[in-house]
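These notes open a run of structures that come right after.
Below, chain A partners chain B and then partners chain C, in two separate complexes.
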Partner chain A sequence: ENADPQKTAFILRKQWTLYSVTPLYKFSSAHLKDYGRQLGAFIAAEKQKGLAVEVGVELGIKVAVSSLPDLRGSDQDHAAVLVQLSLKSSASRKKTEEKLVWSGWFCSVAGDDLSVNVLEDFTCLPLFLANGAESYTSLVGTWFQKTFDCCFRRLVISPLILTWMAALWTGYKVDKTSSAMELVFSVPCLPQPLDISYAIHTEDAKALWDAVQKTPGEITQEEVDVFMDCLYSHFHRHFKIHLSATKLVKVSTGIASAHCDGIIKFLQSQHLIRVLMLLTELAISQIQ
Partner chain B sequence: MQRRQSSKHSKQPLRVHDSNQTDLSAWRKEGSINTEKTVQNQQSLSDDSKHNSLEQAVRFFEKVQDRVSLKKSEGLQKHLSTVESIGLERGLPPEVFDTLLTVALSGKLADTVNTRLLKSLVPASVIPESSVVSSVSWLCVSKCTSNVQLLFLRWLITMFDFIDCKEQLHALYGFFFSFIHDEKLCPYVCHLLYLLTKKENGKSIQLYELKKPLGMQPHLQALLSLYKVFRPELMSITLPGKMKTYFKNSEAPWKAAINAVRRRNQANSPISQALCLGTTQPPSRKRKWNAQLIIPASSANTQNLVGNSEKNSANDFFPVEQLQAFTQLVENIHCLEFPSQMGSVLTNPLLLHYMNCIKDESIYLRLYYWMGQTLQEECTWCVVENSQYEQEFKDFLEIIYKAECFLQEGFSSCEEFLCRSLPLWDGSCCRSQILRLMSWIPLSSFSEMKSHICDPLAQLFFTSSLYFKCSVLECLKELLQNWLNWHVVRLDSESDYQFCSQNTTLSGLVDGIAELIHFVGWISTVALRLENNCTFLLYFILDFYEIVCDMYLKYNLPLLIMPPAGVFYPALLSMDSVSLNQLCYIMYRYRTNLVAAKENELTKKKKQQFKFSSQTYQEYNQYIIAMVGCLWTSNVFQKDNHPQGVRLDDELLKKTGVQEFKNSFNIVYHPAMMGYAAHFLQQACPDDPTFNFSLIKGKKWNWYLDYLYAQGLEGLKLFVESSINRVSQASQNKARNVEV
Partner chain C sequence: HLAASLPLPAERDHLRPRIDLIVFIIDIKSKYSLKNVEASLAHVDASFFLGKVCFLVTGVGRVNNCSIEMNAIWKLRDTYCSPVLLCELESEKIQATTAQRLLRMLQICAGHVPGVSALTFGSLMRSSADD
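Showing the complex of A and B:
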């Protein structure tokens, strides 16, 4: 159930902006190279809009579209697709020198809910993650929207889902001793923004969660609520602040960190697939 | 009233929304000349005076011979400001450019005048090429100052795309080229040449030698790079590769005016506006890249070009961009392909036609995803940041609605959107659009989402204004009408019925329609109480029942539902003859339908499985007893046996102190009819000023009836003639109601 750590290493410790994507029409994994070429031409054309024709200058951006067969939950899922944009160094001494400036990938982990309702011509890769300048995201997204008649939408994470993430990720086993769990709350209706950061030792959080959770492998909303309420009352005892009256904006654990704006950072390749499964589910619920 | 009634008889079951059917002949990409015509047609009468003054101004400038001082000549001042105001506000027609350019470049007038003239030369539609050619000849003879030359070149660059044809202009390439040595003009000449250069111009490149004396300025570099693209073998020089802006911006003096004219013309022409939605982007917004309400332009699917070049399939397809007329659609229907983004069909009636012919589920799925996401993302009341873009969202909803009318069916993403967003809706934002979209919810999904739609709608209905209530009733009437039309169309193609209605059986359909009618009956009853039986509201309610009462005969649906007492009695005792007449018509149609149903039942023909319940007949009979007792036999207070009816004890009635209470609601004394009775008496007995209503009896009663019919109370006529059995001419006052 875990992806090959080597192949997914590029995913870790980067901030990924989350999008949901409706099924791609007439997308074929057999044509990834062509797609790369077309997307490259599209980006070049967009970049040159309004400028005079350039002569003798190589286009600075190289596009690579490839498949990531490791990133999926089951055989029902389509293999993930990776798009990378790299900039050729302007000092053209060495041709091999390329700098990765933007990457994005489409994936589906246990996305059966969506794919069963969809016809043959459609490919379900409901989750899209992008890292790099938004201008590139915009170009790549626009091209995909135009070519495969799909729709990109930012995927935000509600505070309720964040509490689920906090509980779920606390429960995951981690090999290495990792940093503390941190919850960030923002206090609404203040003239100045005020954030409260609440850090708990991983072991303490794990002990609390183990005490709350009854049946292994099955988690209920009540359990998540109890877990959070315990954390809140502990905080209240010390600081006399009701965290339940604030808004949870960020959760970070040893597994990953998630921000309510729809930004995620993966820290462990070990539980990558499980995290992606939850994100796929969120993306699908936004599409349907 | 008469008009209403007559239209009623001619009403066809299948009523197509004419106004929303897009006129195909009108839908063509507007040629430049057409645009101009449309624009001029749209101009109202007040514009004629402007037109005249422009003509005068042009005639004045034609005649100008010698230098006229601006300060001294009032005529010049007046005509110049006319040209300026019209040019900058609405743009100038093509025919005036020749004269005005000639004046500006011939150097007859002072530079200030020439400059002002040039700056106001904004086209309403196009600039004729001939006028540009003649002005270039003026440029070459150098009658004007270098400042005017410069301004003219900048004007030409800015207006380049407005020139209707550029063949002759290309022929002047060499003349423009000669200006390249003029240091001041050089940047603009380079820009112009850059726009004009074609491959064959590369031959005559003498630009080589220019390089040294002129140096490598950006404008020259741009031109050289273009030559190098066309004629790489002639250009051995290497150009620095760094990208930069090559040309100075020339459009500054005209930019605002061009935009203003364009906006004005677009607003005046509905067709071009609809087209623009498809092709241009809304003014830039500071929003996320993908959160913009853009209906994609229809463009061919680029995927054909991918990979399968060996099949060479691209040639077999007719590109959607070229599809501009219905005949083209018919001729190429076998080799058409949908655009790469299905959303673009919404603004393209031809593609909507095509969509109607092609039964492919993927089309609907693509549209479903795109529309669903866009509606959710752009909804102005679900997403707080969107509130400033209400107009755009309105337009979008409008476009969806029009497409639905065109296809005569709703989009499923739209239903889901309504379900999701109606509970959050305030009832005012995009009101008419939302209500109209509701009328296209298909019956099959309605029963599932009744609670999602009806509950929030009822809440808003009860708490909102009279106008809102009427709009809701109107939209529910449309909804019922659409369902019934759908049913009739399916019945006509009986074989399809089984196939299409897998999840909507006839009994499902009947149940769904019954649910809707009961819902409307309920909210109508409450609304009449809230609004004190307002006539305006009653009109919309009875309008709804005009469809309900005819469902059996007109739409072949084995269902009839009587209005609730809360609607029937307010209409019967209404102060307004319009409502009463409408009620009479409705009761007459109920009777006709019920009689037909009974006959069919007796002959045991079709539809035995659906019998009207005896309750329906019973309700009808109760109502008809009340109505006849009220309007005709004056015994309603005794005879009415409806539990919510007006049966009253004589004792109680006597306490009211009203004399002759028995007949106080017959066609003479009824508050809705008294006006007619009074008017009738005035004509029948002009000598009697006492308004003795009791005179209307016997022969006069018949005359009075004829008088009422002549006043356009058609509904009353139909009702009296069908439901009241007038035993004999001798005893007209004794009438017996016919019970079915």
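Showing the complex of A and C:
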């Protein structure tokens, strides 16, 4: 269940923008190297059409497409696929340097809800995570959409789902406890935007959640509601502000931090697969 | 008459006309609005729940902003036997059509439509929603 920490190190502490991806038509893991070459050619062609490249320094983009067999829930899931874009530049006459400028990976953890309904020629990798310049994300996305007849959509995380993440992640056992869980709320209907940040000591949050949660391994909407209501009442007692009338936009715990615009940061590898499982589920429900 | 919550202030009871319809507005983006409605429901006389109460849920155009689970809304509908109208009040067009629907309901509840009482209308809405 736990992925090899060395292989997943690239995932941690980076900001990933989330997308849902519809099934890829006639995608084959045997052709990853070819895909890398084709994507590289596509990017080079697009760049020629666009702004002029810095003369002399930039030698182009190198594309690497690889498979990450450990990043999946079970054998039913397709192995994750990683795409990396590196900028080749000549540091000196003899050496060319390669700098990683963009990474994106497709994955599916417990994506049975989607794959079970899908025909043979389709590959289900409903979750896509991108780190790097939006212009590269757009180029890579366009190529995949054209080549495999799929559709990328930004994944939006509703405040309701964010409360689930807050409760769920508070419940996970961690080796090193981080200092605080932070919730950020955006206050609507004001002439100037106002954000409220509410930080709770991890031990207090865990104690509250343990008191609320009854059956181990099973979480109900009611339990999440009670957990959040306690946090809201506590805040109201001190500041006379009803957080429940505002919009929860960001949740940060020691496990991960998630923003409603569909941006996530993984902070530790211990529960990485479980978080990916939740994200896969969100991506699938956005597709369906 | 608009009120932020119930009960209405007692001092103005004698000045108030008869209440024919109570519309509870819930904003799907605000958990607080749901809690407020739940608390206000306790102050409503039981006779109103025979077709003179309805729930208006706004914000359904943007599911990505929801802070309330729809099951909570359906629970209200079932517990209080009152219809739920879904709308998006931020759209002017939908504002107008919703207002027309409510006006029609009000006419029935006030007894201005011969042959249709609030109770029969309520059960009609319920059975068509179940279909």
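Following the convention adopted for this analysis, the second predicted complex is superposed on the first by the 272 of 288 C-alpha atoms of A that agree within 3 Å, B and C clash if a C-alpha of one lies under 4 Å from a C-alpha of the other, contacts with A are read in each partner's own complex, and residues count from 1 in each chain.
One rule holds in what follows: a contact is a pair of C-beta atoms (placed from the backbone, for glycine too) under 8 Å apart; a residue touches a chain by one contact, two chains touch by 3 or more.
The structure presented is a predicted model; accordingly, all values stated were derived computationally and were not measured.
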item: Chain B versus chain C as contact partner of A:Leu160, first or second or both or neither; value: second
item: Partner chain(s) touched by A:Ile287 [first = chain B, second = chain C, both, neither]; value: first
item: Chain B versus chain C as contact partner of A:Thr137, first or second or both or neither; value: first
item: Residue contacts with chain A in the superposition, chain B compared against chain C; value: B
item: Touching partner for A:Asp121 - first (chain B), second (chain C), both, neither; value: first
item: First (chain B), second (chain C), both or neither touched by A:Tyr35; value: first
item: Which of chain B and chain C A:Lys247 touches, first, second, both or neither; value: second
item: Interfacial residue positions of chain C with respect to chain A in the complex; value: 29-33, 35, 63-69, 71
item: Residues of chain A touching chain C in the complex; value: 156-160, 163, 188, 221, 228, 232, 242, 244-248, 260
item: Of all residues in chain A, those that touch chain B in their complex; value: 19, 22-23, 25-26, 30-31, 34-35, 38, 48, 51-57, 118-119, 121-122, 134-135, 137-138, 141-142, 145-147, 149-154, 287
item: Chain A partner contacts - residues on chain B that touch it in the complex; value: 194, 222, 225-226, 228-229, 238-239, 241, 243, 245-247, 288-291, 296, 299, 301-303, 305-307, 340-342, 361-362, 365-366, 369-370, 372-374, 376-377
